[in-house]
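Following are the structures in question.
Two complexes follow with chain A in common, the first pairing it with chain B and the second with chain C.
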Partner chain A sequence: MTDDYEHYEAVVVGAGPGGAAAAATLARNDVETLVLERGVEAGSKNVSGGLVYAEESAPYTLSDLFPGFREAAAERPVTDYYLHNVAGDRVKTFDITDLHDHDTEWSEAVLRRTMDSWLAERVHELTRETGGGLLTDVRVEGLLREGGEITGVTCEELDPIRADLVVAADGVNSELARDAGLMDWEEPEEWFQGVKAVVDVPEDVIAERFGIGDDEGEAHLFSGDLFEGVRGGGFVYTNRDSLSIGTVFHLDSLVAEDAEPHELLDELLTHPLLAEWLDGHYDEVEYSAKLVPDSKKVAHPAPHRGRLLAVGDAAGQMQAQGPIIKGMNHAVTAGALAGEAFAEAKLRNDPASAGDLYERKLREEGVMAKLRPQGYRLTSALGERESVTDLADAVLTSGVGRRAIRLLGDRLEGLYSSPILSQIVPDTRTPYVTMPTVIAEELGERVDADPDYEPKSLLDRIGDLTYDTDVGDPHIELRDTSAAASGAAVAACPVSARDFGGGCYREETRKTNGHEETVVSLDTQPCVECGTCAVVADTEWEHPRGGKGVEFRQG
Partner chain B sequence: MHSVVLTKGVPDFREGQVSFDEDGHLERGATPTVMNPNDEFALEAALQTKVKRGGRVSVMSMGPPGYESVLEEAMSVYADDLYLLSDREMAAADTWSTAITLSAGIEKIGAADEQGSSSPAEESEEPDLVFAGFKTADGETGQTGPQTAWCLDRSIVTHVVALDVEEDEGRLRAKRLVEGDPDEIETVETSLPAFVVTDPEFEASYRRAEHRLRHKELRAETEERVENYEDHLTTWSAEELDLDPDFIGLDGSPTIVSGVDPIPKAPSEREATAVDPDDPEELHAVLETMRPLAGGD
Partner chain C sequence: MTDDASLDPGDHTVDELREALTDVESPAELDAALAAEREGKDRKTAREAIEKRIDELAAEADDEPADTASREDEEGAPEATDDPDRDEDAPDERDYATENQTKDKKHVRALKGGQYRDMWVYCETQGGELRDVSKEMLGKARELMDAYNADYDADERVVGVLVGDGSVTDLTDDVIAYGADVAIYREDDRLERFRHKPYAEIVADMARGGAEPPNWATGDPGTAPGADWREYDKPRYFLFPATNNGRDLSAQVQAELDSGLASDCSGLFIEEELISNPVKTGEPGEKVEFERVLHMKRPDFSGFEYSTILCLDNPGREFHPQGCSVIPGSFDVPDPDDREGEVIEHAVGLREEWFRVEVTEFDRLDSGVDLTGHDVVVALGRGIGDDPTEGIELGLDLVDAFDDAALGLSRGVVTASYGVDGHVEEYVAEERQIGETGQAVEPDLYVAAGISGAVQHKVGMDDSDTIVAINTDPDARIRDFSDYFIEGDLFEVLPRLTESIEAGELTIQAEADDD
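Right after this comes the complex of A and B.
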């Protein structure tokens, strides 16, 4: 039967921006390309905060690869970018548009269902010309190995497929990158968790409240004391007729504080600034979540093994440049470079050299330098020790520190807008929590507005999501049900909470022979497939079968 | 490979669509006509054959001109061309005279192919496969398929849940439910041409990417085609089919319906007695009540 296996020159796994860029580049180089996407439609499994960049220094951008992208598949360009330092109801706002504009050809707010499904249509047309095409509802579960070599992929819905090139563009929870030993799910320090609510707001209300025209859009970031000391921040991005409102936190900090992600999101949703924007228009339509790799720590310097090349989140290519997060643009560049590398290798009659060529291109095109900046390695070695953080916090909150902040005043805005400084900020509570809080306390102004709404309950948020549950075939298994091994998931899972029975994870007290023990139990029905529990609990984690599980309408 | 799928228009029995009068009789005028739901499986089976073996799928129905919409619905699943056998003489047919009419239509498609085909070698004189769904939602007899197969003098496989056609060898291999039992499946083979009745348990299987890509392409094509489905529709009268009016429609139907009795509705309320599970006497009383119903003793 094995002689009957299908063969394609290239199989691209995942139809997000990285996979789309890879497939389009391969197809334009006449490489027979098959794209496999596990969602019912491209974008139905994908979530992002919502800003996509085209960098001036990047060799490939979405609009290069897919002409008409901005007009057809994006929401609004980002024309103004603000950072709000928050202490209670005091807010000091910095305009960091200059930082945002640095190296930026354009930037757009996007919703992934619209964006990715649009890209997928173009990709299907392009790849069909080569004898391949794009299929949805197919989950690639692993690598096909023959004689110890990677020779293709295995799928739940299809017989094994051989390929000369396999592109792992299967996202942050890439099963292929893990199968190949390129990534793991071990350290919470290496991950951020993002949680987002899309809120419908009429176009004219957005125009009026943000003071923007048709071709304008805003991005707002929030940091300070509104997130219970958890390291991270919030964001609000304007879409055409909705707002993307979300939070991004270091996963280790979420776990350490035993914080509930949905409650931190509620803190943002009910902040006075949000109360002004959402007054009379809080219509939350979708709750979603995703893990974000911290490229400074996990971007793989050589993201390939044999015929397998990993791109985008699957290779940890998600850059947190200070407050600005850039992921999709790097996935696009990496995808196109992977495609280019294979095409060149094939031309030289040495397709096996595609991986090395891809690695070299990532370096020579400056992608790796952005993902793993030199400066950060220096400051993190020094600045991320607890004693240093304590000292920095002590100085900042002292009279001396406060006077310095007052003296700096609006010059701080300039410092915050420095691209170099933003790359080397250490990952401690100082820049995320202490510094913005002190800035707001010393320089901020009071904003008083009370929300006329209550954020949706977690139960309603789960209830609003669309699921096609694979009954009797859960995609996650809990290996260790002890509270010590897996208890952190109860709070950290964005669709679970302590004292909430309707989520994925819950703690139960079991009595046996007069003996009491706390055990963790799991019901994968409400799962949003973010991957948090794979890192913070002891699980056997797989994606659901093709077309099954959660289906995001906004993303 | 040429397949013909037989379909029938039936009242839409779904809640909110169907209307009954006070006596429980179907109000035909107030109930929309739709494609018989079981026929979708026959269409999927024919589409699978086309995806894997190429060729053409024709869909045929017998009924009044209004049945064009049923054929349109069939085309939205998949069809290359549509045939409606429509004539006053065909009206009020039972399964037997329907089978005679349909078999004449299927034979005429074959003959038309022979005449119309520029390269005769490409088209066989009769369709290789005829597909039908498992019984209609209105008549529920399940007879029309087998009777049509008998008229055509071809072998028939019923209750088919999976299908593979080996065109080179002129054979068909099918998995079928034995006597309609989903737990008992047998594999049978027969030679082409053949007649296939799909079971509602039928599932098309596409384990190769090339087949899924072809499936996607064919589905897109049929969606485009369905917008002008009339352009792909051929209507044949009894005369065009060269059918003797005495053998079709009401005159050709040996079935006599002597009467129709509504099935009495189950009572909407039942008596219930609550029993305290902790009270042994009450439980004993329950057991005593049930004893005569248990049989044996």
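Right after this comes the complex of A and C.
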């Protein structure tokens, strides 16, 4: 009966910006395209910090592909960009708008449920005309292989579907990229973990407290000693009538420090600057989390295998270099290039060459150079060794270093605004923690405001999320319950915590015959599907089936 | 129309014309109609229809069996001239037209010019109760037929069908209360469990009103319906549940009734439909409006796209009932109504050979532990973590102290890796879980020991009359929705509670009481 499988020219898995861009480009080139999305609606599974860029140097942007995007589906353009160096209650703020504006055609704060569902409507219209369309609630679980070749996809809800092109736009935990051997979940140092709270703040309060008009918006980054020495930083973005407040950390650092992500977020939420902004208006409506690939390390130089082309997070295309944080724009470019590559390959009557063509386009259009900058390889070879880090930290915190910082003064702002420098900063605590702390101590001003609120408890954060639990069919299985293998997840999982029984991962003491051991147990009900435990614990990790699991309303 | 000698074919579509022609008994009128058609629209199919009727009348005047036999010859069907009963079985006015028999379908029992009325609903039962899907279909049928009767100024009914052991006689009132005008049932002890053959035979017989279908192998033309509570050949519409048994039954019954089946539908409405397919209209290039068409919406692609299935008559062959199976949960369960209705016992004989397949054994899938309906529920949370085995023992002790109590667990306990001792291991099971993904209970007394009170737990127990929480943490969330809060370690508090219940008096003294 295998001959009865449905066939489409192209199947796009995932209706985020990468999948939308691929599908739109394919459809405009008259390629019969089916888009499969596992959420109840596009955007219901998607989380991002919240800034999307259109780069002047990019061949495709969201507004090119989807006219009217900014007006209809974005929150606010980002017109000011600040970096706050924090040491205790001292803050030294740099205006790095110039860096932000570099190569930027426009930039918008977005909430993904709104954004992705809007894109999905356009994608459905476009793909319908080719004989395809967009289906939600379908989880693609793997690749269909026939005679050793990838020939399509297998789904939990539908029969296998054959396709001449499979676009894996299924996000950071891409099951297709893993099935094809393009990505893995092995090394914590290849990942960041972001957590975010969306806080409702009335539009007029945002206008007043940030001093911005209707068509203006701000982005604020935070680094320094706010986060117990964990490498990473925080952000606050202004939406139309809410704030996206989040923290992003190197996953290996979170694990090494045994830090609780939700507590680090609370540190940011209760910082005096936030206390001023949120005074009387701390109404947290959604807590979310996601893994973020570090493109410097994992952006795949050849993200294709047979008929499978991976785009966006699924291919590690997330640029997080110092204060430059760009992911969705690269996914859009890559998606469109993948679509373009297939259309051209088809025109040449050689659809099998789409992968090579896509790889070449990523390189020639400059995408790979942004994702894996040359300079970083030089610095990382030298700069990420512990001894070098210690030395740099020792110099910075010494009298000599401190005097240098004072002397540099506001010229530091210019240095921080250098796009080249930000691309090559090493991933050590020096730029994330030590340097900003010293800057704030030496140059910062005291900010004092006490929050009039307590951050929401993890219990309430989980309780206020929407879940459609697939009862009796957990999507993650714990292969090894020993603390040694999986204990790190108890703290690192954003919806778990030590001494908290309501989360995914819990530590338990098991007594047998006078012998005591600590074991880890897992309840997938509170899961936000970020993928952290797939990296830090010994699990069998899959997405829940179509429509099941967490449903983000903001994203 | 029969006595009106001026049948003008031009007033009719060919399909309507065929129906009208069956009533015409006068060859002169037919000659006139044929002439009128030639003068008027001069449709080939219309002329053929009139000519065919002329032939039929001529044949009726001739020797009946010979004619039948000759037609069978044409169709290549087996000769049956050795049947001694044939000549005596004069066919009634119903036309079991032999030309409808096709080579690939040997059991055609199609009617032409048949009478069809009412919407039938097969009401599946389980454990002596109507299944929800049966109620959902009755409610939908009621709604559809109320609108139908208003739209077409008709007076057609909803007929609920029950088959089973004696318990189904108790359900006829329910069937009427949920929307039927007529409840028809066949009960027999042998029908206690669903079996394909007897159920299909009974339901098909009910639908045919006891008519004997024609047998093409023998040439037996069958009999007219004998049921006196109705005046039609077959139901107009028929709904079955898309359950395991309902699917099984629906396919066979619809085939027995020589119609089709739209399986697994989730939306239904009745409306006109303009059809251009010449197979259906008999008139290539013309659109014909079909009336009273049941539109059966069926999810494809697991519900992402919909097809609408129509069951339409062909010009020479009728497909009724228009039938489908309905996915459970597609419609709301209606509120039962205090309605009047007719109850009909359908007395078809049960043949021994229908019961050749025996149900030797059956097992109701373990529905697990039912925590609902108890006076008291004692629920344990992760507060038992220090010694889960003892915690469960203490919980069970308290359960035993009450007359009617059950042990429940929070999800945190069910999903834990406690590794409790063997004698209490069976209690740590998903089936005891209370909350959003477990059971919802509302006992008179709910004792929550060592439960923090997540929202997911709260929704499973919030409707309990009295909630007593025991927790070491005075800020535990559960305190917000407890009537009594005992700050303390469940390992100390539970035994004292048990002791008090057994003694029949409270031996605990509150140190502080601020709730």
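Just so it is clear, the second predicted complex is superposed on the first by the 555 of 555 C-alpha atoms of A that agree within 3 Å, B and C clash if a C-alpha of one lies under 4 Å from a C-alpha of the other, contacts with A are read in each partner's own complex, and residues count from 1 in each chain.
Operating definition for what follows: contacts are C-beta pairs under 8 Å (C-beta built on N, C-alpha and C of every residue); 3 or more make two chains touch, one makes a residue touch a chain.
Keep in mind that what you see is a predicted model, and the values were worked out from it rather than measured.
A.B. asks: Sticking to the clash and touch definitions up top, decide whether chain B and chain C on chain A clash or fit.
C.D. replies: Because the two structures are overlaid on the shared chain, the partners are seen to clash.
A.B. asks: Is A:Y8 touching anything from chain B or chain C once the two structures are fitted on A? First, second, both or neither.
C.D. replies: Touch partner of A:Y8: chain B, not chain C.
A.B. asks: If we overlay the two complexes on their shared chain A, which of chain B and chain C does A:A207 touch? Say first, second, both or neither.
C.D. replies: Touch status of A:A207: no partner.
A.B. asks: Name the contact category of A:V447: first (chain B only), second (chain C only), both, or neither.
C.D. replies: After superposing on A, A:V447 lies clear of both chain B and chain C.
A.B. asks: If we overlay the two complexes on their shared chain A, which of chain B and chain C does A:L158 touch? Say first, second, both or neither.
C.D. replies: After superposing on A, A:L158 lies in contact with both chain B and chain C.
A.B. asks: I'd like to know which partner A:L408 touches here: chain B for first, chain C for second, both or neither.
C.D. replies: Neither partner.
A.B. asks: In the overlaid three-chain picture, which partner chain does A:A483 touch, first (chain B) or second (chain C), both, or neither?
C.D. replies: The answer is neither, since A:A483 touches no partner chain.
A.B. asks: According to the stated criteria, A:L135 is in contact with first (chain B), second (chain C), both, or neither; which is it?
C.D. replies: both
A.B. asks: Please work out whether A:V519 is in contact with chain B alone, chain C alone, both, or neither, and reply first, second, both or neither.
C.D. replies: second
A.B. asks: In the superposed model, does chain B or chain C contact more residues of chain A?
C.D. replies: C
A.B. asks: Give the one stretch of chain C, out of 292-300, 418-426, 472-480 or 490-498, that collides with chain B after superposing.
C.D. replies: The answer is stretch 292-300.
A.B. asks: Residue overlap on chain A between the chain B contact set and the chain C contact set?
C.D. replies: 133, 135, 138, 157-158.
A.B. asks: Note which residues of chain A are touching chain C in the complex, please.
C.D. replies: 133, 135-138, 157-158, 459, 462-464, 467, 469, 471-472, 481, 501-502, 506, 508-512, 519-523, 525
A.B. asks: Under the stated contact criterion, what part of chain B meets chain A in this complex?
C.D. replies: Its residues touching chain A are 206-210, 212-213, 216-217.
A.B. asks: Going by the contact rule set out above, which residues of chain C touch chain A in the complex?
C.D. replies: 301-305, 381-382, 385-387, 411-412, 415-419, 430, 436-437, 452, 454-456, 477
A.B. asks: Which of the residues in chain A end up touching chain B in this complex?
C.D. replies: Residues of chain A touching chain B: 6, 8, 34, 36, 128, 132-133, 135, 138, 157-159, 161.
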